[in-house]
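First chain written, first letter: the chains are A, B, C and D, and each begins at residue 1.
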Amino acid sequence: MLTTNPFDDDTLHEECGVFAIYGHAEAAALTALGLHALQHRGQEAAGIAAFDGKTFNVQRALGHVGDNFSSQEVIGRLKGHAAIGHTRYATTGDVVLRNVQPLFAELSVGGFALAHNGNLTNNQKLRRRLVERGSIFQSTTDTEVVVHLIATSLNNTVVDRMIDALRQVEGAYSCVAMLDDAIIGVRDPNGVRPLCLGKLGDVYILASETCALDIIGADFVRDIEPGELVIIDKDGLHSRHPFPRAQRRFCIFEHIYFARPDSVVEGTSVYEARKHIGAELARESHVDADIVIPVPDSGVPAALGYANEAGIPFELGIIRNHYVGRTFIEPTDQIRHLGVRLKHNANRANIAGKRVILVDDSIVRGTTSVKIVAMMRAAGAREVHMRIASPPTTHSCFYGVNTPERNKLLAAQMDIEEMNDFIGSDSLAFVSIDGLYRAMGKRSRNTSDDQGYCDACFTGDYPISLTDHDNGSGATVSRLAESA
Amino acid sequence: MLTTNPFDDDTLHEECGVFAIYGHAEAAALTALGLHALQHRGQEAAGIAAFDGKTFNVQRALGHVGDNFSSQEVIGRLKGHAAIGHTRYATTGDVVLRNVQPLFAELSVGGFALAHNGNLTNNQKLRRRLVERGSIFQSTTDTEVVVHLIATSLNNTVVDRMIDALRQVEGAYSCVAMLDDAIIGVRDPNGVRPLCLGKLGDVYILASETCALDIIGADFVRDIEPGELVIIDKDGLHSRHPFPRAQRRFCIFEHIYFARPDSVVEGTSVYEARKHIGAELARESHVDADIVIPVPDSGVPAALGYANEAGIPFELGIIRNHYVGRTFIEPTDQIRHLGVRLKHNANRANIAGKRVILVDDSIVRGTTSVKIVAMMRAAGAREVHMRIASPPTTHSCFYGVNTPERNKLLAAQMDIEEMNDFIGSDSLAFVSIDGLYRAMGKRSRNTSDDQGYCDACFTGDYPISLTDHDNGSGATVSRLAESA
Amino acid sequence: MLTTNPFDDDTLHEECGVFAIYGHAEAAALTALGLHALQHRGQEAAGIAAFDGKTFNVQRALGHVGDNFSSQEVIGRLKGHAAIGHTRYATTGDVVLRNVQPLFAELSVGGFALAHNGNLTNNQKLRRRLVERGSIFQSTTDTEVVVHLIATSLNNTVVDRMIDALRQVEGAYSCVAMLDDAIIGVRDPNGVRPLCLGKLGDVYILASETCALDIIGADFVRDIEPGELVIIDKDGLHSRHPFPRAQRRFCIFEHIYFARPDSVVEGTSVYEARKHIGAELARESHVDADIVIPVPDSGVPAALGYANEAGIPFELGIIRNHYVGRTFIEPTDQIRHLGVRLKHNANRANIAGKRVILVDDSIVRGTTSVKIVAMMRAAGAREVHMRIASPPTTHSCFYGVNTPERNKLLAAQMDIEEMNDFIGSDSLAFVSIDGLYRAMGKRSRNTSDDQGYCDACFTGDYPISLTDHDNGSGATVSRLAESA
Amino acid sequence: MLTTNPFDDDTLHEECGVFAIYGHAEAAALTALGLHALQHRGQEAAGIAAFDGKTFNVQRALGHVGDNFSSQEVIGRLKGHAAIGHTRYATTGDVVLRNVQPLFAELSVGGFALAHNGNLTNNQKLRRRLVERGSIFQSTTDTEVVVHLIATSLNNTVVDRMIDALRQVEGAYSCVAMLDDAIIGVRDPNGVRPLCLGKLGDVYILASETCALDIIGADFVRDIEPGELVIIDKDGLHSRHPFPRAQRRFCIFEHIYFARPDSVVEGTSVYEARKHIGAELARESHVDADIVIPVPDSGVPAALGYANEAGIPFELGIIRNHYVGRTFIEPTDQIRHLGVRLKHNANRANIAGKRVILVDDSIVRGTTSVKIVAMMRAAGAREVHMRIASPPTTHSCFYGVNTPERNKLLAAQMDIEEMNDFIGSDSLAFVSIDGLYRAMGKRSRNTSDDQGYCDACFTGDYPISLTDHDNGSGATVSRLAESA
């Protein structure tokens, strides 16, 4: 079976997007729109919880937001003036409904719904402890650990219990939660994942990215700060900083690939950042060529930056088929690289006989790069030079990004020359780590601990302890297999 | 909208059937067959859990067993040599998947799956206490209380924890459970709901009724005793009696209506019991007539008993349409009693001009009786005499049967003469409570506490305390509304 | 895979039921109800066409009437004051939507919709002729031949074209049709299939059986006569007899098995006819026994007739599971005769130790009889005597009943003693052909040509020529395979 | 309800794509891939017919190719070494399965399947004539007229009948057909719609565009000529020119919008043609500005051509959401232009304060242009200049493109200044008709009849007679309404 997403199979996957709104008569409809704008952060499942003053109305579904949260019937059931939503990319094979967020629990102190972007690194250790004292887990998500910590906390209010719970967890998280009378937004002390605050008239909104504010016409107010917890209720917004202060370590891959180019995260336009990286790349690894071609669609801004800096024409040399079916039967009679062609086709007329620079955002396993270089050559390219708008990805992420294990990462196995041979390009270059930081407006990567970004996937410098990993706990194990 | 089940709307509903098997390579396939034979005990949902030595494979679905557990794909996923199953009739509107059994929990001492027939009468009280100590409930079923009591028990083994849990609950239950290395069957001390033991070769089976043994060709061994807990593992069957001894109070309505006529429960053939009740009824309330007609299908054995005893010909005066669709649009241009005709039609040729005795098993709201008497008259019956093979149903059940509230029970509102007028029959008679006990082989209802049956729906004599009801706790309240 | 219809697999299948109504604001809703009452005549597909003065609104679907024609949405689309409907059992594997009736054609002289019960015996010959002159067939049904004959007829009105077309066809048919301003009902000159006329207030109705009148509260007026064509329009009913007079040859199997017991066809109550056959059978083939047990459900009236005549108690010795799923996985670990048990179970308590008379309506392949006799013995029956309420079925039907080929008919291969051995019964008897006619109120089968019934399946005396069969044309061949 | 395709609602729609292959063991799988590449030519339905030497295996479905023709099950049923396929955009509301192509007919001279891109202009006249002589139409497509003309032709072979039929039709058509032993490709004498010939090894392929050859790795051989009919059978390719010679009138809108940019049609790269149009536009209507922004995605090549020629930076100022759901509930609390934002968002960071040139391919109703100009201003654009890469669309198409009626076309109602006011842009310019021809490599539009293109939508110069339209026949009328 061939999918029409052959390139996506060889990219990293963000695990989640979150959205919350308080005090709007159409909270669920706006949340559905916000999640649609955040669909790129997770396509496997989505959920919305709305509170109407009496009932927590929840709908969760596998699949895209637009396929499950667009009907009058569904939105009509999600009554309430407050809502939170979640869009999810699963890290494991457990794509089952009980793992889809928001999670909900009726606590003795009130109702509680939670949606989480990030990944906890001491999840296993906490889970074992909770099961021993009688907690029953329904999902295999790390998020459920937080809910049980809250349920069993001895504090008197949900907010105090939530702070109590989060003080026990390690890892990256940007969460939104909904209580009987408020919504909450919170970021981990390092601020690894994004979370921003917006306003539509008097109504506050929390969202992973600003593009979710744009779609509903809301104004961007500010980013939630690392370690900040905001409570939004009928009296407005209340900010707390209940965690010990820590270094700012925002995920730099959000700029390189995850975030939408029309979003502004941590004060920087994603589109502009990518153009700057492309320009740095052009400066660092010039090559004579006739045209610059982006690998669609994520490579486009970096390719524009490259082409402008290098003074080489930018062309759409790869045309994308917008009608994305899921899979096709592969003819057994071999057609080379058919998989790639389901979604992309070389624009033969402007490639034949040309020296081509291909610009892509990153290389993970390298399988796609092999196919696309071959596609260029089949279309008659005279030379193919691959330029990558990020440093070599050599380490796995444990903070909310689905990365292959290290031995599947091409750059962890080969040096650049070996990679060039593997991919079949005439030359291959990555932007340097310092070039990347220059593109972000720094002079270079600060060798002190204060560089501002988490770049562990390029450097192995993990800012948050990896408790489960170091203990060999691996992924959450459940002995329950249920398909519904 | 008109359903093709107009008569069923006016009957009592059994809430559940359970099945378990240990040590068979095709445990899930046999469980699916057993549940199909128990379908009459609950048609809204069904579930099977199988254990393959490593994983608890669970499938739960809304709808009939045959619609959800008959494909190779589903049964193939339910790998394992042990399995338990459940078929469910929901008491409330919460027909949602998370309420469908078996429930499963991964405990610190092993996996645990549970299926329950019956109803707990102190469920609310226990639930509140558990939430206060941090337990998170996923369903609104009383069954989940048992699972949380087990999870939080301080005992060391699952079996000891289960006994600990059941000692705290009040109410009626016949449960089957599955552990890592055994299945368990248990009945409450009064033995309100049935549970029997069968054997297929060396393989033990537990089932609500013997008809579930017949379908797989298994032999009936014996009933599980009131208050008995059996453990079936690789060493065979182990019996324990961990609860204080109590009076035997088997639900007499199982004989009147719930159990299948080909089942033998508590030592008595259901079919023969019904014929005996019909014969008692004929003796107690003779009337001159030309034909005896059963209200199909549950009234047939009693009508045969009546006809034989009275010496009046038995005729199928009401023909059933076997193709049961769900609902039909009702023409606004009124057709009287159309609803009844979707499923039944008067056999006009043998009714016209006759004096008819109609035999039915019970009267709940009386709405069906009105329609069926009218149908007889429209078909030309000269006289219509209604005979009911149970005493007047005057009280609600709290032990696992879905009964309307008392003010909806016709016999709680009217005396027999008023009911006769309401129904439109020429005469109406119920079997007496003593007649009922005579049909069961007793001399009369024992006024001591030792009558052997729970007959609270006829007498208001409730053998088990009604803690939640007395405290006004009503049904389990959840503020979560989720449709999936 | 095991179906829950194991007995039905070994019965004959009626191919169709038809219904029509003119002049009622809720024509389609009433047609859906009528088809529901006729569901036993065809369960594979159904269709309704309604005319609203401008548009022929048609809905056709595979499956039961109740599953496809009960929603407000569907009935709401079927606007119109006139409607015709059809319920279908397919003779071949071509269960595809384009074969589902009513068929519709926009002719140069107006719209025309047709629904047909029966089978044409010169279909192939006519079809070949039509294709040669340029007609394009969309279905493989013989019914479409009639539509093309009408389309290409040179007559000026639809009615005259229809008569022209039907004069060219041979075979059995009871048809209803709908034009721009009328509905039509017509029976072939021999009157093989039933068709009756009813009235609901001033509104005329046509239906295959009276049970379809009962469900909507309509009165039975009369049967449509063999060879009669009635036109129902705004001026009322007009009767014509456009075909040469022929002998009355009503299908006697309608009385034995096809028609519903609450229907009155050709002036006779089906239920009473079956009881009479049972009584004849008891007189012809008495045997000492303890109980008479019907094979449910079609054997019940004959068994009652038998039991009354023989003075032996009638008992429900086989209990039917009303929850009919489609199929189940068969455990490979053999369970003997599991298939039978999916739908039926021996009522062991009243069989063990008894001499049993089993009464069934007919024997086709005999496979079911083998299983049910074995089921009786497994339940402890001391003797099992099989009594069949029809003569041996020795010939195939070509007039609208799906019969196996002759070499699959048990009675065409064996004499009664061999059949008794094959089935495993202690004795086997069929009602005689003269006994059957006596039960129908005749003195015996008339050896002249005037016996009034078609009994070809018992006698091989085919009243209508078998043109295609004699020419070896076999079934309609199409080279188109389309699943939708 | 809001769709995520707000821009598409305001574009013209191509009606069909066709594909055919002969002599390949996996004909259907390759056809599915080819249709996937042609999905942009019709998204409402698709169908494939394959011939295996005995049976014409057909599958037709509403929806995308990838959703319906990608499973092993479906492709496995489409057995055969020859196949034809069709992807369809319906012109009317009749999106029903019986209108989906390929159409199939079993003729007296063999089987015949047909798929058609284009539109016949004397369809109504021919249809009336055919119905009068007894043809029964199953669909409302003009394509069925061709099938009936073939069925009723007196010629002896299917090919001769097809030529006979096509000589009677007027309009635009590029058809592929499949017979018992061959496939056929044919273009109307003016060659309005494209059709090209490819080869995969020895296997011939016919397809609407070259991108359908690329996806399966086939080589482009040549375009089928206007008026040419090719027969591909076991002996190879045979070319005939059975129609009177006519002027070449290829649809120029294929270059402007319909065809995929990676296709080469009629000898010209679509991508290059669009860049040339963009460059002409820049030369004709220069304006000082800071950035050139394409309206995605069809405006990209023209915008690149414009930006290069004008020397103004090209930027992705509008970001597209790739996750296209169908519809969303529109919050009643008005959010201006939400519809547009479901699919696109302004890249605020590079628009704010800038003078923007927006480049789009065409203006139909103008509703989208209004929204997108407003989106630019909301993002802070200082000036917004709209440039359109085609002349004003002033006339409807009758040759296979779904155009609104003239009174809905903005350019038919307003002059350019009025349009500029309506859209809200600071300036508006279209490429001139001569500029368009220059971009296509001509000196100007030839005022003789020999300009080579059909440009009726810009000029009203219709090259083929509009028989039905001139007779006021309107669309095909059917009185049948069936939803399945």
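Convention: a residue touches a chain if its C-beta (ideal position, glycine included) is under 8 Å from a C-beta of that chain, and two chains touch if they have at least 3 such contacts.
These figures come from a predicted structure and were not determined experimentally.
If you take chain C and chain D together, no chain is in touch with both.
The equivalent interface to A-D, defined as the listed pair sharing over half of its contact pairs by residue number with it, is B-C out of C-D, A-B or B-C.
Chain centres here are Cα means. That of chain B falls 62 Å from that of chain D.
Chain A and chain B have centres, each the mean of its CA atoms, that are 51 Å apart.
Mean C-alpha positions place chain B and chain C at a centre distance of 37 Å. Residue positions of chain D with contacts to 2 or more other chains are absent.
If touching chains are joined by edges, the resulting network of the protein chains shown is one closed cycle, each chain touching exactly two neighbours. Interfaces, counted as pairs of touching chains, are A-B, A-D, B-C, C-D. For chain C in complex with chain D, the residues that touch the partner chain are 54-61, 77, 97, 104-108, 111, 131-138, 147-148, 151-153, 478-484.
For chain D in complex with chain A, the residues that touch the partner chain are 1, 4, 24-26, 29-30, 32-33, 36-37, 39-40, 43, 64-67, 69-72, 75, 211, 214-217, 260-262, 264, 269, 271-272, 297, 300-301, 304, 308, 313-316, 319-333, 335-336, 338, 341-342, 345-350.
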